[in-house]
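Following this line, the structures themselves.
Each of the next two complexes has chain A plus one more chain, namely chain B in the first and chain C in the second.
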Partner chain A sequence: MRRDRLRVAAYSVLIGTVLLALWQAAVAGKPAGKSIPGPAAVAATAAHMLAHPFYDNGPNDKGIGLQLAASLGRMAIGYTIASVIAISLGVVLGLSPTLYRAVNPYVQVLKPISPLAWMPLFLYTIRDSAQAAVLVIVMSSLWPTLANTAFGVASIKRDYLNVAAILQLSWPRRLVTVILPAAAPAIVAGLRISVGSAWVAIVAAEMLIGGTGIGYFVWNEWNNLALTSVIFAILAIGLIGVLLDAGLGRLSRRLSYQE
Partner chain B sequence: MDDIFGRAVERSVERAIFGGEVGRRAFIGRVGASAAAAALASVFPMAAARAIAQDKPGPPEKKDLKVGFIPITCATPIIMAEPMGFYKKQGLNVQVTKASSWAMIRDLSINGETDATHMLSPMPLAISLGVGSQSVPYVMPAVENINGQAITLATKHKGVTSPLQMKGFKFGVPFDFSMHNFLLRYYLAEGGVDPDKDVQIRSVPPPEMVANLRAGNLDGYLAPDPFNQRAVFEDVGFIHLLSKDIWPGHPCCAFAAKREFASSAPNTFRALLSAIVDATQYARDRGHRKEIAAAIAPKNFLNQPVEVLEQVLTGVYPDGLGNTKTVPDRIDFDPFPYHSMAIWILTQMKRWGYLKSDVTYRKVADEVFLAGACRDALKTLGYRAPETTSVKHVFALGKTKVFDPDKPDEYLASFAIRKV
Partner chain C sequence: MTPYLLVDHVSKTFPPADGRGEGLCVFEDVTLEIARGEFVTMIGHSGCGKSTLLNIIAGLERPSRGGVVLEGREVPRPGMDRMVVFQNFSLMPWMTAFDNIRLAVRASHPMWSRAEVAAHVHRWVDMVGLAGAETKRPAALSGGMRQRVGLARAFSTEPKVLLLDEPFAQIDALTRSVIQDELVRMWSASRNTVFMVTHDVDEAILLSDRIALMTRGPQARLADQVEVKLARPRRRAELIDDPEFLRLRTHILRFLVEGSLAPA
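Up next, the complex of A and B:
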C-alpha cells in the first residue's frame, strides 16, 4: 500500500516536471513580453504577489489574497442560499413521486441555462451588482444539489420509512433522524458538484461585473495583457477549486454508510 | 437647462414660505406649478434668490461619492481628479470605480451604485430617450475629451488605405451608442461602404479589443486609446486614421449623472462638475500631459504602461507602419457640451435606425447637454467660456462637409447610404 502511494507520487512529480519542461521549451528563445511567458516569469510574479497578498491600494487595486477572499465570501453566501433551497425542495420532491414528475420538466429546462445568462435580468430587476453576482452563484449551484437530493430521498429504502411510521415519529424527527441521514451521501455528492460549478461561475460573473474578486483580477490583468498574472491567477483558481472539492470529499466519506 | 438649480432654489423658497413641503404641495395643487411660481415671484424676488444661490453655493449635501469609469484615456479628467486632488479641492471625497463594460457603466449608474459616471457622449441622450435602455432622464454637463480615438487595423492589413478595401471586415466599437460607432459608420459610408451590409460591426469592451485583434477575431476597430497605441506596442496592429481626421474636435466621452441626482443634490452636483471642469482644463495644457500619464497609469486606474499613455497624451507616437508621428492634438480636452454636438449625434442615431421616432432635436439637446451649467462652472473657476451653445461643425474627410445644427433634417437627407 505504502509502496503504491510512493509510486503514484513519483509519477505525479514526473508528469509535472515534464509539463513544466515542455512549457519552458515552447517559450524559450522568444523575446520577453511578446509571447506566452514561461514558468520562470510566472514564478517570479507569483513570488511578488504572494509577498504582499493583502495590500489594499483602493477599490481597483487589491492583493491576490483579498481578491480570493472576496470571491470566496461571495460564493459562500450564494452557495449556502442555493443549498438550503435545493435540499428543502429536493426532500419534498423526493418524498412525492407525483410532484417530482410534475416539477421535473421545469427543472430540466432551467438546468442547462448558463448561470451567466441570468446576469442582465438580475441586474435589471435587483438593481445591485453585488447581489446579482450572488444570485448567479445561486443559479449555478442549485440544480445538482436539487437533483441529487430528490434522487437520494426517493431511493431511501421503504423499510426505513415504514419503521419510522410504525414508531410514530413526528415529522421533524423523521426528517432529521431518518430521511436526511439516509439520503446524506447523495446530497453531499450533489453539494460537491455544486461547489465546483459555483466556483466556475463566480470567476466569469466577476469578469462581467468588475469591482473585486479573482475574476475581476483576471480581467484587469488581461486589460494590461499581463499574462504572468493571468496564469498565476488561473493556477490559484485551480488550487482553491481542489481545496473546496477535497473538503466536501472528506465530508462525504464521513457521512457514507453501509446498508 | 439650468432649471435644475433654479427649480431647487424656487422649491426651497416655496417651502420656507408655505411652512414645509406639505403646505407647498397643497398650494401648488390648487393653483398649478407655474401659477404658484408666478404668484410667489410677485412677493419674493425669486430671480435674485436664484442668482445668490448660484454665486454662493452651499456645502455639498453628500460628500462621499462614487464615480464610475472605464479604463481608457478619455476618462483622464475623471480619473486624475482623484490622485491629483481635484475632487478634494471641492470638498468632496470621491472614489472612482472601474467598470468592465459600457453596459455595466449604464446599469451601475441607473441602479444608483455610482452617483455620477463616465459615459460615451451619445449614452445620456440614448438613455434619456429610452433607446437601448429603460428611459431614465440623464444630464451631461461636461464633455471629457475631444478627438483621441483612432481606427486601428490588424497588421496583416498593412496594405489597406481606403474604406473600399475594408469590405468584409469585422470591426469592433465600444458600444452601439458611442461616437466610435457613429464615426466609423460615417467614415465607411463616406468611402462608399455600407456599414450594415458590407462589413460587420460588433460591440466589444475597449479593454478586450487588443486581445481580439491579436486573436484575429477582429480585423480592426475604432476605439478609445490607449488601445490603439497598445496594439502598436504589442505589434499586432497599426493606426490607420485618427478620429480627428474625420471630425476635428469631435466630442467623445463625457461626464454624466441621472437628472434626479443633479436636482436632489444640486450643491454636490455643482461641486463635482467644478472638479471635473477644473481637471479637464488642467489636462488641456500640453505641458501637464506627462505628469498626468504617470498619475493615471497605475493598476488602480488604467493599468497600462506609462510609455503608451505618454505616446497617446503627448501625440508623439509610432504608428505601427514604421513612422513616428507628431500630432499634438491627437487627444485634447474641452468640457463644453455644445448643443450642436448632441444634435449631430441624434441625426446619426436616426440615420442608422437606432432612433425610430421623431424627436425635437433642440429640446432633447437642451435637456441633456447642460451647456449653461458648464459655462457657469468655467466662469466660476475663472476660465473663458463660449457664449453660444450651438455652432456649425466641419468634417474633414476628403471634401469638407459642414453640419448645420439648424437644418438637421436636410443634413440627414443628404446621405446616400443610410438605413431606411
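Up next, the complex of A and C:
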C-alpha cells in the first residue's frame, strides 16, 4: 500500500517534470511575441502575483486573490440557489413517479443547453450583469443535482419507507431522518458534478460580463497581451476546481453508508 | 364478542403483469382470530402469501378483499400499534444501532425529553444484549446482532401487536436459538400479542400458543389451526423428548410434505 503510493507519487512527479521540460524546450530560443511564455517566465509572474494577491488599483488592476474571491463569491450564491431548488424539486419528483415522468422531457431538453445561452435573456430581463452571471451559474448547476436527487430518492429502498410509515413519522421528520440521508450519496454525487460545471461556466460568464472575477481577469490580461498572467490564471482555475471537488468528495465520504 | 385482532376474510390478488386476465390470487378468504397476549404463528411453504398477509396486517399492503380489525377498529394503514420485525432487518444503514432504536422510541413517546428517550433506549440495548455495539452501524454488525436491534426497535415502542416476519431466517443456526430464547424472555415480560410467520416447524412449536397452517399457493387457504398446549417456560432440550412436541411436529411436517391433512 505504502509502496504503491510512493510509486504513484514518483510517476506523477516524473510526468510533471517531462511536461515542463517539453514546454520549456518548445519555447526556448524563440523571441517573445513568436511563442507563448515558458515555465520560468510564468513562475516569475506567479511569484509576483502571489506576493500581492489582494491589491486593488482600480477596476482593471486587482490582485488574483481578489479576482478568485469575486468568482467564488458569485458562484457560492448561484450554486446555493441552484442546489436548494434542485434538491427540493428532486425530492418531489423522486417521490412521485408520475410527476417524474411528466417533467422528465422538459428536463431532458433543458439539460444540454449551455448555461451561457441564457445570458442574453437574463441580461435583457434583469438588466444587471452581475446578477445575470449568478443566474448563469444557477443554470449550470441545476440539472446534475436535480437528476441525481430524483434518482436517489426514487431508488430509496421500500423497507426504509415502510419503517417510516409504521413509525408514523411526520413529513418533516421523514424528510430529515429517512429520505435525505437515504438519498444523500446520490445527491452529493450530483452536487459534485454541479460544482464542476458551475466552475467551468463562471469563467466564460465573467469573460462576457466583465468587471471582476477570474474569467474577466483572463480576458483582461489577454487584452494586455500579458500571457504569463493568463497561463498562471488558467493553472489557478484548475487548482481551485480540484479543491472544490475534493471538498465535496470529503462530504460524500461522510454521508455514504454501507447497506 | 369481537376478538382482539381479527383478520377478516382477507384475500390478496396481484394484478396480472400484462394488465389482462385474472391476476394471481395468492391466498383466499383467510380468517384468523387472535386473542390479547396470544402468540400465533403462521406456517406454510414459500409462496403461500404468509408474508403478504403479515404486511396486510401491518397496513403496508392492501387486501384485495376483507380487512383487519384491531380492538374493534379497522386498521387499513400502518401504525405504531403494530410493529414489524423484518426478515431482512430493515434497519437504517446510515444510523447507529442506538439511533435506529431511538428513532422508534422518539416516535412512540413524543412527549419524552431527550434524556428520557436515551435512558429508555439504553435499557433496551442492555435487554437485547447489544451493549458495546450500540454505536456501530448495521453494516458492522452480524445478522444476529442486527436482528437484536430490530427486536429492540419493535419491543421498545410497546406496540399492541408485534408482527414477526421470519425474523430468524437470515441468522445462523447457533445464534438463532439464543435470540429465540431472548425473544421468549422479552415476550414473557411484555405479553404482547404476536403474529409470526415462519417455515421453521420447531421454531413455531417452541414459541407459539397456536399455529395456523396454510396450504400451498397460489390460491392458498388457511387449512388448520393447531393449539400448542406445552407448558411454559419451554426448554429446547426437554422438548425434543416430549411426546406432545413430537406429535405436533409430525402432524405439521406431514401437512407440509403431503399438502393435505392427516387426522390430528
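The criterion applied here is as follows: the second predicted complex is superposed on the first by the 258 of 259 C-alpha atoms of A that agree within 3 Å, B and C clash if a C-alpha of one lies under 4 Å from a C-alpha of the other, contacts with A are read in each partner's own complex, and residues count from 1 in each chain.
Please note the rule applied: a residue touches a chain if its C-beta (ideal position, glycine included) is under 8 Å from a C-beta of that chain, and two chains touch if they have at least 3 such contacts.
As the structure is a computational prediction, the values presented were derived from the model and not from experiment.
Peer 1: May I ask you to decide whether A:N224 touches chain B, chain C, both, or neither, giving the answer as first, second, both or neither?
Peer 2: A:N224: touches chain B, not chain C.
Peer 1: Counting residues of chain A in contact, which comes out ahead: chain B or chain C?
Peer 2: It is B that touches the greater number of chain A residues.
Peer 1: Regarding the shared-chain residue A:P97, is it in contact with chain B (first), chain C (second), both, or neither?
Peer 2: neither
Peer 1: Now for A:Y257: first (chain B), second (chain C), both, or neither, which partner does it touch?
Peer 2: In the superposed model, A:Y257 contacts chain C only, not chain B.
Peer 1: With both complexes overlaid on chain A, does A:G73 touch chain B (first), chain C (second), both or neither?
Peer 2: Touch status of A:G73: no partner.
Peer 1: Classify the contacts of A:I209 with the two partner chains as first (chain B alone), second (chain C alone), both, or neither.
Peer 2: In the superposed model, A:I209 contacts chain B only, not chain C.
Peer 1: Looking at A:A182, would you say it contacts chain B, chain C, both, or neither? Reply first, second, both or neither.
Peer 2: It touches chain C, and chain B stays clear.
Peer 1: Considering only the touch criterion stated at the top, classify A:A165 as touching first (chain B), second (chain C), both, or neither.
Peer 2: Second partner only.
Peer 1: Enumerate the residues of chain A that count as touching chain B in its complex and touching chain C in the other.
Peer 2: In the superposed arrangement, which is not itself an observed complex, chain A uses no residue for both chain B and chain C.
Peer 1: Please output the residues of chain A touching chain B within their complex, sorted ascending.
Peer 2: Where chain A meets chain B, its residues are 34, 57-61, 120, 123-124, 127-129, 207-211, 216, 219-225.
Peer 1: With touch defined as at the start, can you tell me which chain B residues reach chain A in the complex?
Peer 2: My answer: residues 71, 95-101, 103-104, 107-108, 110-113, 134, 207-208, 210-211, 230, 234-235, 298-301, 303-305.
Peer 1: Show me the residue ranges of chain C that touch chain A in the complex, using the header's touch definition.
Peer 2: Within the complex, chain C contacts chain A at residues 58-60, 77-80, 82-84, 86, 88, 90, 92-95, 103-104, 107-108, 137, 139, 157.
Peer 1: Going by the contact rule set out above, which residues of chain A touch chain C in the complex?
Peer 2: Against chain C, chain A makes touches at 159-160, 162-163, 165-169, 177-178, 181-182, 184, 255, 257-259.
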